[in-house]
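I'd like to ask you about the structure that follows.
The chains carry the letters A, B, C, D and E, assigned in the order they are written, with residues numbered from 1 in each.
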Amino acid sequence: MIVRDRPSVWQLFVIYRLSILRQIVWQVLSVAAFSAWVVAASQRWPATFRSFSVAPFTLLGIALSIFLGFRNSACYERWWEARRQLGALIGVQRSLARLTRQTAPDSDQALAENAILHQIAYTYSLMAHLRDQPTPAEAAAYALPPPASAVTLRNLPDSMLQQLAAVYASMMRRGNFGEMLYCRFDERLTELAAIQVACERIKGTPTPFTYTLLLHRTAYAFCFLLPFGLAQTFHYGTILFCSLVAYAFFGLDTLGDDLQEPFGNGLNALPLSAMARTVEISLLQILGRTPLPLPLQPIDSILR
Amino acid sequence: MIVRDRPSVWQLFVIYRLSILRQIVWQVLSVAAFSAWVVAASQRWPATFRSFSVAPFTLLGIALSIFLGFRNSACYERWWEARRQLGALIGVQRSLARLTRQTAPDSDQALAENAILHQIAYTYSLMAHLRDQPTPAEAAAYALPPPASAVTLRNLPDSMLQQLAAVYASMMRRGNFGEMLYCRFDERLTELAAIQVACERIKGTPTPFTYTLLLHRTAYAFCFLLPFGLAQTFHYGTILFCSLVAYAFFGLDTLGDDLQEPFGNGLNALPLSAMARTVEISLLQILGRTPLPLPLQPIDSILR
Amino acid sequence: MIVRDRPSVWQLFVIYRLSILRQIVWQVLSVAAFSAWVVAASQRWPATFRSFSVAPFTLLGIALSIFLGFRNSACYERWWEARRQLGALIGVQRSLARLTRQTAPDSDQALAENAILHQIAYTYSLMAHLRDQPTPAEAAAYALPPPASAVTLRNLPDSMLQQLAAVYASMMRRGNFGEMLYCRFDERLTELAAIQVACERIKGTPTPFTYTLLLHRTAYAFCFLLPFGLAQTFHYGTILFCSLVAYAFFGLDTLGDDLQEPFGNGLNALPLSAMARTVEISLLQILGRTPLPLPLQPIDSILR
Amino acid sequence: MIVRDRPSVWQLFVIYRLSILRQIVWQVLSVAAFSAWVVAASQRWPATFRSFSVAPFTLLGIALSIFLGFRNSACYERWWEARRQLGALIGVQRSLARLTRQTAPDSDQALAENAILHQIAYTYSLMAHLRDQPTPAEAAAYALPPPASAVTLRNLPDSMLQQLAAVYASMMRRGNFGEMLYCRFDERLTELAAIQVACERIKGTPTPFTYTLLLHRTAYAFCFLLPFGLAQTFHYGTILFCSLVAYAFFGLDTLGDDLQEPFGNGLNALPLSAMARTVEISLLQILGRTPLPLPLQPIDSILR
Amino acid sequence: MIVRDRPSVWQLFVIYRLSILRQIVWQVLSVAAFSAWVVAASQRWPATFRSFSVAPFTLLGIALSIFLGFRNSACYERWWEARRQLGALIGVQRSLARLTRQTAPDSDQALAENAILHQIAYTYSLMAHLRDQPTPAEAAAYALPPPASAVTLRNLPDSMLQQLAAVYASMMRRGNFGEMLYCRFDERLTELAAIQVACERIKGTPTPFTYTLLLHRTAYAFCFLLPFGLAQTFHYGTILFCSLVAYAFFGLDTLGDDLQEPFGNGLNALPLSAMARTVEISLLQILGRTPLPLPLQPIDSILR
């Protein structure tokens, strides 16, 4: 995720690395080149182009804007829901650790502490699961010893939740607390499972492919037809204008694709590592550990 | 559901099988043919066509875009809600199995295991129910023996939930756990029932027919009137332009119809079988079974 | 609610009975007649009409489309929320019946059965309440005997919920279950009460009258002014075009009015009777009754 | 809130008292007068006006429509949320009264009855609090005796909730019910507190002032500039057209302001008194009182 | 947050300090100056400008409006969610204090009182945390003595929640109440933690930077290109018109930026201090303290 101050007016026009333009520069240049060719042709054979007007393009362009607007809105909603789920994850982890800490009798402090550390390991493991990366070393360091059958696991994070549940159940059986409090633990675990499933859903189900395809195609067709409507009246201004339109439309289209993958590696992907670190810091603080690890910082304005 | 990588720019224009175009190719061709006829007529009797301008079509076209945009947005919401409900189903099933597993004493492990397997059967049965298909064989293999009256059932999945509830109630009566934990089981069942009802709602209640009809008709009328507005200025470009507009409008309209039936057989229908398999894998993993079945893979980019 | 297959392309243009057109046919014809008069006048006094252009109508028409679009979206949301509430009703009724059935000891089976039948009666009674109809006979047959004071009731369904609560409380006092399970029953009742209140809200609070009035008036003014803008360029095509615009705008406006009353008698009203029957079937299935009643079927494509 | 039948086509044009027009009649007349002056000027100095065209106004007008549309949508959402919260209030009050009634033993019937009456008083008091009115007499009649410190209260409704909580706590201490049921009472109270806070939020936080100001100003500027664009082509039709546009834009803008204050005194304000009466009737019915008070009726189509 | 009466028509045009105009005055003036230059150039070299028309700008301008509209809607949603979360905070604090007050036996009144005062300290501390300000003195006065390790804290508010949890756990251990009631306390704490995390999310995750950048750039490009399209027809009216468009577009864009930071120092930032004071008053009222502090008042129409 990009973390930086609001750009000044001047910066607004020189930022390139963090801009969507970097991803669509070839498309925009193609439109510019094609526009140049169309303008040249319209100068050469003015009669053929005379009757073209920009009005029908207005119709198509506005229709396309509306559809792009709705799609972008839907993509943003997905991205924001992903962020909301991961934010809720942080909150649930804090509340679960608090509950563990307060309800464990002195005799079970070590077990409680291990359970809280295991929560950190779960978080790192879930983040890696969502990014299709191997589980990082810090996760292994915090985790409870894995059950023997772990080698055949399909879903490591879910299995780690089972381990947590087993710890709480053993605490209940040893009489630390009754069914009522066990249900509170189970509630928190159920929330974690729901968050995980929601993230898996967002990861696994993009907006319908045919919708994306339809909009991509219409946007391409529009941007490559537009010069015909403008060449006669705008002459070489057509090149600038069509490039600007291509920038706006391809830019929004590509941005929508980007926002669709909040767990990916794009510029707008959510900072899963930083969020896992936040959970780590919060839970270690609850355990009273010092010194606490530092929060992750953005590198070149990108927080991962 | 279509599962494939983001298409390259080139692929964007050659994909046909997975495109909405396949469903509307006749409509688009009709508009093209009609446009050709109108252009020919306008060349023949230019006086009649002279006064037509494209401006009023802009008005109508933008109005139509706005209405189509809202409808599409509503259809997408339904589709996404269906996905959300089924995702929640996976989460609830995992949490219920975890609860069953952790709270069953050693003496009731066999019963607990049967209950978890029955959950898998419920999932398969619900998916078949939503698709109006017969319950698949794997469901029967996992299910608890059906009650005698099963022959008269109207709603098999709901009846299977009752069986689960009976198992948990019998566990409570045998003293495995108290009312508090029984309530946790009941909560999960209540959530499953709510998910099932939500899916039945989405399946049984399309967007209002009169709305759909109104938009269909206006879209048709618009696409077949548009050539009159363009013929005089765009000449044979009219054919291309009208086809493009028809592609965009009929495409969105048809896509909306498609998204309305997330449990159907369309390209964008949700992958119910793959999701049932996910539940199966998750629950067998909780039971420690090996080897786990493989996740379903897309066939020709379609995940069912 | 209209229940029918997706119409074929041909049917699209011949369906009349289920179309919004039936409700607005006089308005559309008036616009057509008025347009004809305007066109005739413009032929007679061309000088007066010469300067009118369609451009400002584009502005007004698009503004109107945007406002109509938002209002329609809001009306659809209300309709869909009503459907969601009634769907939730079905789910809650099933879950409540399941709970009653599983927790009743053998000694209280008769009472439990009566309570479940009373739930059916409640559903029928609520549906009649929402439709301002007298409670149907089937409700009375299933209901528990009414309390003596019933004659002065303002809100029959709410009173029937009280009766259910009294049954559960008496079961708790007889020791069938403890406070914990009683709370589960109370939760379901609270949900039923919330659903009922939500339906009463949707029924009793339409979208603000001044908003509706503003849009109605603007739509009328627009459709009757539009011919002046078109007559000069479109000649007799004006009649067709203005009728189409009137069809789209009046149609959407009227559809919004229709969707606002999901418990009414319109074509798009929700099938309350069919849903009550669904609850009846589900609950009788839970009781193991045979033969189960048949689901209601649409008559002339209308499900009531 | 306006409660009346759908107006007939004829009434549509004669309703004045319930129309937004009454609030904006001076603005619309100003625009009309100014348009008349502009048209006269354009007749006098045609050369100056010749080059003005309506096209840029289309751009600005549509932009304004979109922004107005979004703002209106947000204002409507607030209004509808206020209605939803108050509807939920009714449901919670019924459920709380039901719970009190069913769980009170015979020995505590009087206390339970007083608590239910106090709920009615709370409702009236909350409604008055939201309307910045003094608490009505009926509230005092139903209320429990106020605590001694009441004279310094800042938030009377919240203090009345405390009194209810104290009643339930005393019932628990006398052994009427255990912690579990007390928690149910506390849940209902927590919901009431949340509803109250949500209403206070809607009352105290309008849509951002700068947003409102920006739209007001742009709407004014647009309506007073539009005549310049139309005068040359529409002549005296400009007056009618600009008035219509002013009616639509100022109307929507003012309607947004109105909907923002759902607890105020406007035509679209929610009928707080009628809703408090609904709660009163529902709770007295639960207590079996006769005769029940009558629901409030609209006066001159306005329900307060 | 700006708190003032609805401005009169006259005030509408003279308010400057509270207007978005103050933040964009240089941009608007630049556009005006540039327009003047373009108009002068078009008078000097009319041939070059002759062919430019405003139609393509209409297309681009409407597209931009749609995208700005969606972004603004998203920014407003964030702002409103922040308000909703803080409103919920007030409600939860009241409910938690009520619970503490009612369940504490006479022997633990002092502890209960300290816990309630600590809630006030938590609120002040959270508000300061969200504003990146040092915790105010009043928070320290109300707070329980901090644990020894406080010097290394990363998240002070979360640590204060832990202290509250410890108090409730100690009350449970001393037998004030059972697990059931402890769970109610834990529920409220979990809600507080969720609210805190939601606020941290809104604070830490702006709308995607590339989206903002894309819209900023397109808005700038549009406003500086527009004069070319208008100069030939509008002459010096271009300056006024372009300034108005720049005002509307830059204004909305900047407003979106403002609304994105609801915990900042902008005009539209939420009144965190006033809300903390509201909590303070509510909780002191519950404790029966007199005299209660006064609510914060807006200074120069700004409530902080």
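The rule we apply is simple: contacts are C-beta pairs under 8 Å (C-beta built on N, C-alpha and C of every residue); 3 or more make two chains touch, one makes a residue touch a chain.
Listed by chain with UniProt protein names: A, B, C, D, E = Bestrophin family protein.
Just so it is clear, the model here is predicted, and its values are computed rather than measured.
*Asks:* When subunit C (Bestrophin family protein) meets its copy subunit D (Bestrophin family protein), do both sides use mostly the same residue numbers (more than half shared) or mostly different ones?
*Replies:* Result for this pair: different.
*Asks:* How big is the gap, in whole Å, between where the Cα atoms of subunit C (Bestrophin family protein) centre and where those of subunit E (Bestrophin family protein) centre?
*Replies:* One centre to the other, that is 38 Å.
*Asks:* Taking the mean of the CA coordinates per chain, how far is subunit A (Bestrophin family protein) from subunit E (Bestrophin family protein) in Å?
*Replies:* A distance of 23 Å separates the two centres.
*Asks:* Listing for subunit B (Bestrophin family protein): what residues touch at least two other chains?
*Replies:* Within subunit B (Bestrophin family protein), the residues that touch at least two other chains are 53, 55, 58, 62, 64, 66, 69, 73, 178, 180, 183.
*Asks:* Hey, how would you classify the chain contact layout here, line, ring, star, complete or other?
*Replies:* ring
*Asks:* Using the touch rule from the top, order the ring's chains starting at subunit B (Bestrophin family protein) and going via subunit C (Bestrophin family protein).
*Replies:* B, C, D, E, A
*Asks:* What part of subunit A (Bestrophin family protein) is in contact with subunit B (Bestrophin family protein) in the complex they form?
*Replies:* 27, 51-53, 55-56, 58-60, 62-64, 66-67, 69-70, 73-74, 147, 149, 152-155, 158-159, 161-162, 165-166, 168-169, 178-180, 182-183, 186, 189-190, 193-194, 196-198, 200-201, 205, 207-211, 213-214, 216-218, 220-222, 225, 228, 257
*Asks:* Using the touch rule from the top, collect the residues of subunit B (Bestrophin family protein) that touch subunit A (Bestrophin family protein) in their complex.
*Replies:* So the residues of subunit B (Bestrophin family protein) in touch with subunit A (Bestrophin family protein) come to 1-2, 4, 6-7, 9, 12-13, 15, 18-20, 53-55, 57-58, 61-62, 64-66, 68-69, 72-73, 76, 79-80, 83-84, 87-88, 90-92, 94-95, 98-99, 101-103, 177-178, 180-181, 183-184, 229-230, 232-235, 237, 240-241, 244-245, 247-249, 251-252, 255, 258-259, 267-268, 281-282, 285-286, 288, 290-292, 295.
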